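Just dropping this structure here.
Labels A, B and C are assigned to the chains in the order they are written; within every chain, residues are numbered from 1.
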Amino acid sequence: MLRTPENLIESTCADLASVRAQMPLVQCIINRVVAGHTANVLLALGASAAMVDIPGEAGMFADMASGLLVNLGTPTAEQREAMFEAVDGASKSGTPWVLDPVAVGSLPVRTPLASRLRALAPAIVRGNASEIVALADAGPGGRGVDSSLVVEAAVPSARSLAESIGAVVAVSGPEDLVVDRRGSARIRNGHPSLTQITGGGCALGAVMAAFAAIDDNPFAATVAATTVYTVAAELAAQRASGPGTFLAAHLDALATVTADDIRERAAIRV
Amino acid sequence: MLRTPENLIESTCADLASVRAQMPLVQCIINRVVAGHTANVLLALGASAAMVDIPGEAGMFADMASGLLVNLGTPTAEQREAMFEAVDGASKSGTPWVLDPVAVGSLPVRTPLASRLRALAPAIVRGNASEIVALADAGPGGRGVDSSLVVEAAVPSARSLAESIGAVVAVSGPEDLVVDRRGSARIRNGHPSLTQITGGGCALGAVMAAFAAIDDNPFAATVAATTVYTVAAELAAQRASGPGTFLAAHLDALATVTADDIRERAAIRV
Amino acid sequence: MLRTPENLIESTCADLASVRAQMPLVQCIINRVVAGHTANVLLALGASAAMVDIPGEAGMFADMASGLLVNLGTPTAEQREAMFEAVDGASKSGTPWVLDPVAVGSLPVRTPLASRLRALAPAIVRGNASEIVALADAGPGGRGVDSSLVVEAAVPSARSLAESIGAVVAVSGPEDLVVDRRGSARIRNGHPSLTQITGGGCALGAVMAAFAAIDDNPFAATVAATTVYTVAAELAAQRASGPGTFLAAHLDALATVTADDIRERAAIRV
């Protein structure tokens, strides 16, 4: 596929239809803060969610799942063990997986954990600018889950990370960035309300896993996931009067967003 | 009680009033994905919720609680230990308990765990068709938390499970099935939105524990819990424009559903 | 500051503006039932939230955070270890921290845990009447998370606890009580819907940590947190038709409540 905005918009629409038709099962090893919301986001989109994250089951389940998310938000000892089982299972069965290195940088458990995981061939790495810079070993990381860097400051790190591990790297921000070895795309959709709810970024990682499950092209899948998710946020913001009603409206919009909405609103540049 | 639809509807109305009057305290050992939503469902109904699920406390608390839910969604090692403590405490004090064997079948930790728990005299077992078939040792289980079987395919398994362990067995689906040694009932209420949110089934298990706490007849309690929950879902769907607003509207409806709503809408057959 | 109602209302308005301007980062070690909701409450207010609660990271993070909440709702072994690390980190760096002794009284893990923590100089202790009485060693505790005592019955315990550990002690109820060695204040705001959702009290503990982060006077900060949170609940109740829509409306109201709303509604007496 030639990576023009037009082609990426059409593949986004096709991917959205495929997710709804195929209902990919996404295994999530994810922090407890946003586990429920993330499952609701996947279900609203038409995908299925299963949070199988205990040792002894996570690896076998990754073989049954169509996609896998590994999110480092609250990595208990059992979850850390389950992550490696699941990634091993996903690798053996060809299940694409997404790494979300939440709050890596200076924290001494998750930072080396993320380094080990990044070497295990994730299809996609998603984070905010601070997390991507930290994962690429180019900086000290941010303050917890909020990015203290702007997206543009992470471009060199995103490129070098994509180059070194061969993954698609996505950086969330007011304009989202998607990079791989061949090039990049930027998506200027979304709404500030996504930063006023917890899990706005974490759930996007799960959506990327759902799209990677039905599209063999992880770059196009990452662009599609980001575009659908952020266009739905725009539609939701029109019906919301604050972060609480936005949360509900975003789930509604994920369930109802159409290809026409995507074509009308998607602001993709390459 | 003669199990006519009319009698079951009246006992449902009486049970709903009793839950609201007595505010039974329901202990939930439940997966982290839906813990918050489950507590909100219990509170909306007028019951109380406490997620006491650590070893050393779970057993003593089961003695104080009026009902207990054991849900296998994300069974960490500590939760597994707490489950046996709690069931032991519930048995000694006569607290009725509900077993929800989430995703049992092929997964190697929870499947033997569910087998051990089913032998410990739950008052009610609740699952989707795949889970009930798997727990009855009659089939291979489904794919995660979604049922790949229709309810009717689980009828023989539900009957044999009810017979062998002496429990009420409830199978969730478009028409819910409730079976015990004496017979069965079917409830055709609810709304597809319940499958578009996470925990739609898990929370129903907690509601069954609340109703079993105030009704000595576990069959009638299971029918009542199912009917109240699914009639409230119908009321919620009238106010919702997608899964996000449905979530909120379902909690509202659980708090406001009346005996008249039940009488008008309940579609029970025996 | 002379503790008149007028002065407390003005410091509440000033604190609300400071939270929104400074966006204090609040570390929460909190039960999994309400973790997501608590993060959403902090974000709606304009603060930041991070649930860093694993051993090896919790202490270091407490040094980076502006406030810390230690909530005993579902204290797993890892969380218990992380609590002491975090409190140690907070003490060394002067980060104010809030202790929420959920359901202490007779439960044998959390009750001695709370006793050890109360000796480690929390800035604020928040609970319902039963929990505060139990923590002050003056009574047997309540039934789980619901208080079986009225606020007035806890006044002597709150005073003696405040005296003995030098903390601000807050007792939640229809009229909230805030006590320290110098005196007390009562806030009669809020709405019964706060008791129909899970985490209504737990999230208030996190809000207290956010306000303590930006106000060196922990008594004024506790009054301010309570007033903002309960006034927002009143505004939310005007837009809600049950507990589900109240949940969303409360988040909306926390994001939009103004100083004028506070001045118009705050019912503080000293």
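Operating definition for what follows: a residue touches a chain if its C-beta (ideal position, glycine included) is under 8 Å from a C-beta of that chain, and two chains touch if they have at least 3 such contacts.
On a predicted model such as this, the values are computed, not experimentally measured, just so you know.
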Worksheet item: Are the chains arranged, by touching, as a line, ring, star, complete graph, or other?
Response: complete
Worksheet entry | Homomeric contact subunit A-subunit B: same or different residue positions, threshold half | different
Item to complete: Nearest 5 degrees is plenty: how much rotation brings the CA atoms of subunit B onto those of subunit C?
Response: 120
Worksheet item: So what's the Cα centroid distance for subunit A and subunit B, whole Å?
Response: 33
Worksheet item: Among the residues of subunit A, which ones contact at least 2 other chains?
Response: 32, 35-36, 76, 247-248
Worksheet item: Along subunit B, where are the residues that touch subunit C in the complex?
Response: 25, 32, 35-36, 39-40, 43-44, 48-54, 56-57, 60-61, 64-65, 76, 78, 247-253, 255-256
Practice prompt. Quick one: which bits of subunit B touch subunit A in the complex? Just the residue numbers, please.
Written response: 31-37, 73-77, 103, 106-110, 143-146, 195-199, 240-245, 247-248
